[in-house]
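Input: structures, listed below.
One chain, chain A, appears in both complexes that follow, with chain B as partner in the first and chain C in the second.
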Partner chain A sequence: MEPDQIADALTAFINTNIMARGHPVRPNDDLEAAGLDSMALLKVLLFIEAEFGFWIPDEDLVRDTLRSPLALANYIRRRQSPS
Partner chain B sequence: MRGADLVLIAMQSLWARGRVSNNTLLVVQCDAPIAPERIRRALDRFLGSCPWPAARLRRPFPWGKLHWAAGPPAALVPPPVRRRSVASYAELHRELEAELNSPIDPRRDPPLRFLIVDCGPEPATAQGFLVLTWFHPLMDPRGGQNLLMQLAHLDSDEGDAPRAGAPPSFVPDPDPRPLRERGRLGRRSLRYMRTLAPVPPVSPGTGLTSPGLVRFRQEGFVEDQSSARGERATREITWRLALVGKAMAGLWDRRGLPAVPFLVPISVDLRPKGDAGPTFGNWLAFHFARFSPAETADVAGLARALRAQMADAVRDGQIDANAVAMEFLHYRPLALMRRYLPAGSSGETFSFNCADLVEFPATLERLFGHSVVNAYHVPAVLPRPGIGVFFNRCAPTNNLVISWIDGAVSEEEVAQIVEVVRDGMEWTRLP
Partner chain C sequence: MNLADFLQSSAERLSDRPAVTDVGSGGSLTYGQLAREAERVAAFLRAQGVEPRQRIGLMAPNSLAYLPAAFGLLATGACLTPLASHLTPAETAQIMTEVQLNGWLSWPAADRLPGAEGRAILSSGACDGFGFQWTDRGAEGPAEFQQLNPAFIRFTSGTTASSKGVVLSHEATAARVEAADRVLRFGDRDRILWVLPLAYHFAVTIVAYVRAGAHILLCPDTLPGALVDSIRRFRPSVLYASPLHFERLGNLGPSEPLTTVRLCLSTSAPITPAVIDRFESVYGVPVGQAYGIIEAGLPCINLRTEGEPPTSVGPPVPGYEIAVFSDEGARLASGVLGEVAVRGDGLFSAYYRPWQLRERVTRDGWFMTGDIGWLDRAGALSLKGRKKAVIFMAGLKFFPEEVEDCINQFPGVKESRVFGRPHARLGEVPCAEVVLDSSGRDLDALRAHCARALSPYKVPFEFTVVEAVPRTPGGKILRRTEAPVPVERP
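Moving on to the complex of A and B:
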């Protein structure tokens, strides 16, 4: 999957399971500013584990990785690419 | 009234001789004194659409569940708005502790009240403090902030229609799931809670028979922008709980308290994100963190373990089940409520309290005509566990509030806890 597709899947999950109706986030939106707290972030990490098959380690839980669905998608794409 | 609220009320029977406070404060510091008339006017308008600030706690005779009841709109008496002037922050602090220690009796009094404090040696340069005090089971901290947002909106809007578009939601929507399904989930959560503390937890308040006054300490910090640790991980409740656990393990060690596992309730805000959500009712579920004092030696490792615990609880549906159980407990008699705590009816509750009360909303950057400088919450803790550590942010300030019961913890011990947390967060103290 390309980063844009991954970002769309993440955005759809967040809007369905975390955000209030009428307050959707977009792939480039800042998730912390959108109100995602510890539990909401945990739900996103569990979604990534279920959909993409890995758990993001603590050392990668930095602001740059978690800033937006697109930033998370870029991280997931890098993890999926053979190095 | 949800399960956690009923447990709070039921816990009071442990200290029948004293009036135990269930007050919680939201303190908002503004750049100039606030006019009480503006709050009174906004409250009057608010009561026109929502009666709960003027309600009383009632139980039908001879049997029935505790509930909030309010009379017809014309008969509602608004909650009091008082004003004080003080010359220094030390005097302000005494006023705030007096607010904590004047328990609201919701059967006789309105469940909330306002205090305006003008603080400064000269009126021309004084700062204004708005103090919203409420009976904790009326609202959670987010609800308190929502109430202020609604009052601020009513204050700034002169027209008849207080709000364009959909009206704000004052209370949560009922759970649409069938009763049978909710009953199954609720019973499952109660069974799970009974497995959490095979050994009852110990707290600084254990054995305290004559609890003293509620005290608190608040300090403001800024994040060190030059810190190499640019991780969001330090903003997570698991990191903060691990740090507070480390500080508490130091207290346990100095006191010689038994090294039984810590049991700490972690509140989970059930509101969908991006919208203010309901105002009244504690709209929370609970996760119960368990770890030993020895594990706190490795804060990063403990934070990982606590995150794994929370992830397991989400995977297993325990957070959702707890939310349902909180709703279901209001069908049970108050006298039995303590049985549903993880440690059963032993009277021991949790090792300590810890919560991140998140951001003070940016929409409240101005309040009743003045700029907001800082805002923080001070929940009174019960004599058991006797201490609670609370975080919140009011950009750019990171607030750390510790509330405790005199006799359970000393001021020196609180100062040590503050220092451990400050150091672990790499925060710089504000002047």
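Moving on to the complex of A and C:
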């Protein structure tokens, strides 16, 4: 999957499962600014584990990785094809 | 007595010493400032007409402003009902109805309530922008409630899932603080790194820190790297956190030993020996455990100083007794599994709805916790699961019935079963089995329905369509915990 597709899948998950009563987010939106708290983040980590087969290691749980669906998608893509 | 007196007394002793610092923004309040800001909130609420024993909600996220807002509310004599800021409007509305909330104080970003009266705004000080709204100003509540000196109503499903709203008096909260402090010995040199939601953990611990004159370090960013950074920069003496925090910190190692930390205490969910070992080998500080129950406070604490096993929640603290009972009500000997009971001055006063004084739900003063456990010969308690099904996700507890009720309201759902699937990092993850009345229903729409009504941690992660949900011969939904579950879950 390309980062854009991954970002779309993440965005769809977030909008259905977390933002159902808020404003939908877009792939480039800042998730913290959109109101995703630490509990909501755990749901995103669960989704990534289920869809992409790994739990993001604690040392990678930093703002840059988690900023937006696209940032997460780029991280996931790098994990999938280490080069 | 009033718990706000503790703040007053610390402010008189330690006026210029820091009470609370937000390690993210760097903002800070001294004890003198905190007391003045709390008085400003109290005066604002009194000017709105707030009176003792009214039930007033407080909705705000973790922030400096939470402390003056809470102590100011308590100082009016009103009863504080915490409303966590992640609650959905439906969850908030349910609490308002169940505890007959008279009004609520909320942070600037909180939604206005449709139909409620005008919102008065506090326009200066640490709680600048906080608003107060009446929701049901005239609601009086049960006559027996008016006889109490209530400080808090903790809205929870309670131990039985049908009792809602645990009423705690100022006296019982003070007794809890006194008991915990005799073991934890907080002092005015302590610096406490705080990562837990204030809406859930205020009644014992924050009050204890303020009474001792300790410095509370609010840590808004609890991502592991940020947490380590805060520890290095602010050199706390106490870490009070959930197993997930200790696990995350341990996974970041190796590290220099945490030489400033005298006390690490894990609370809110069972912690595994592996997480404890990992953290201790990385940071060189032992991790203790506190057994927290909303109805009873912190009746047991394991500091690991007397050779207690790390998996034990420890012996009862002074002021509490612990016993283990059989299903038939017989007190059991050490080493025998049964239901854990607690007795002591820190017990709650009543359940709000349906209204039941504590005396009606205790036996000879014993409160039955619903936890299964055993006492060792030295009197330390170990827990082995729950009598009733409860789901723990990352330290937050809820009952499956609440989620099932929500699912069952969705058109086309005949019945459902919600259970916790074990998860290596989060303890449990809620999952649902649903029985539909016709095929091809939209599960995404069902997900969104749940996400609108429930806080994120309660929304099932997986929905599976099944032919029927498993039931007991008596027709009740079969719960995984009908037989006690092994305790060694994260």
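Throughout what follows, the second predicted complex is superposed on the first by the 79 of 83 C-alpha atoms of A that agree within 3 Å, B and C clash if a C-alpha of one lies under 4 Å from a C-alpha of the other, contacts with A are read in each partner's own complex, and residues count from 1 in each chain.
Here is the rule we use: contacts are C-beta pairs under 8 Å (C-beta built on N, C-alpha and C of every residue); 3 or more make two chains touch, one makes a residue touch a chain.
Source: prediction; values computed, not measured.
Look at A:Ala7: by the touch rule set out above, it reaches neither chain B nor chain C.
By the touch criterion stated above, A:Ile76 is placed in contact with neither chain B nor chain C. Of the two partner chains placed by superposition, chain B and chain C are both touched by A:Met39.
In the superposition on chain A, contact is made by A:Ile18 with both chain B and chain C. Touch criterion not met for A:Ile56: it reaches neither chain B nor chain C. Of the two partner chains, neither chain B nor chain C is touched by A:Ile48. Shared contact residues on chain A (touching chain B in one structure, chain C in the other): 18-21, 37-40, 42-43, 45-46, 58, 61-63, 66.
Interface residues of chain C facing chain A in the complex, by the touch rule stated above, are 61, 86, 88-89, 222-226, 248, 251-252, 393-394, 396, 423-426, 429, 444, 447-449, 451-452, 455-457, 459, 461. Residues of chain A that touch chain B in their complex: 18-25, 32, 34-43, 45-46, 58, 61-64, 66. By the touch criterion stated above, chain B contacts chain A in their complex at residues 230-233, 235-238, 268-269, 271-275, 277, 300, 303-304, 307, 310-311, 314-315, 319, 356, 358. Listed in rising order, the residues of chain A touching chain C in the complex are 16-21, 37-40, 42-43, 45-46, 50, 55, 57-59, 61-63, 66.
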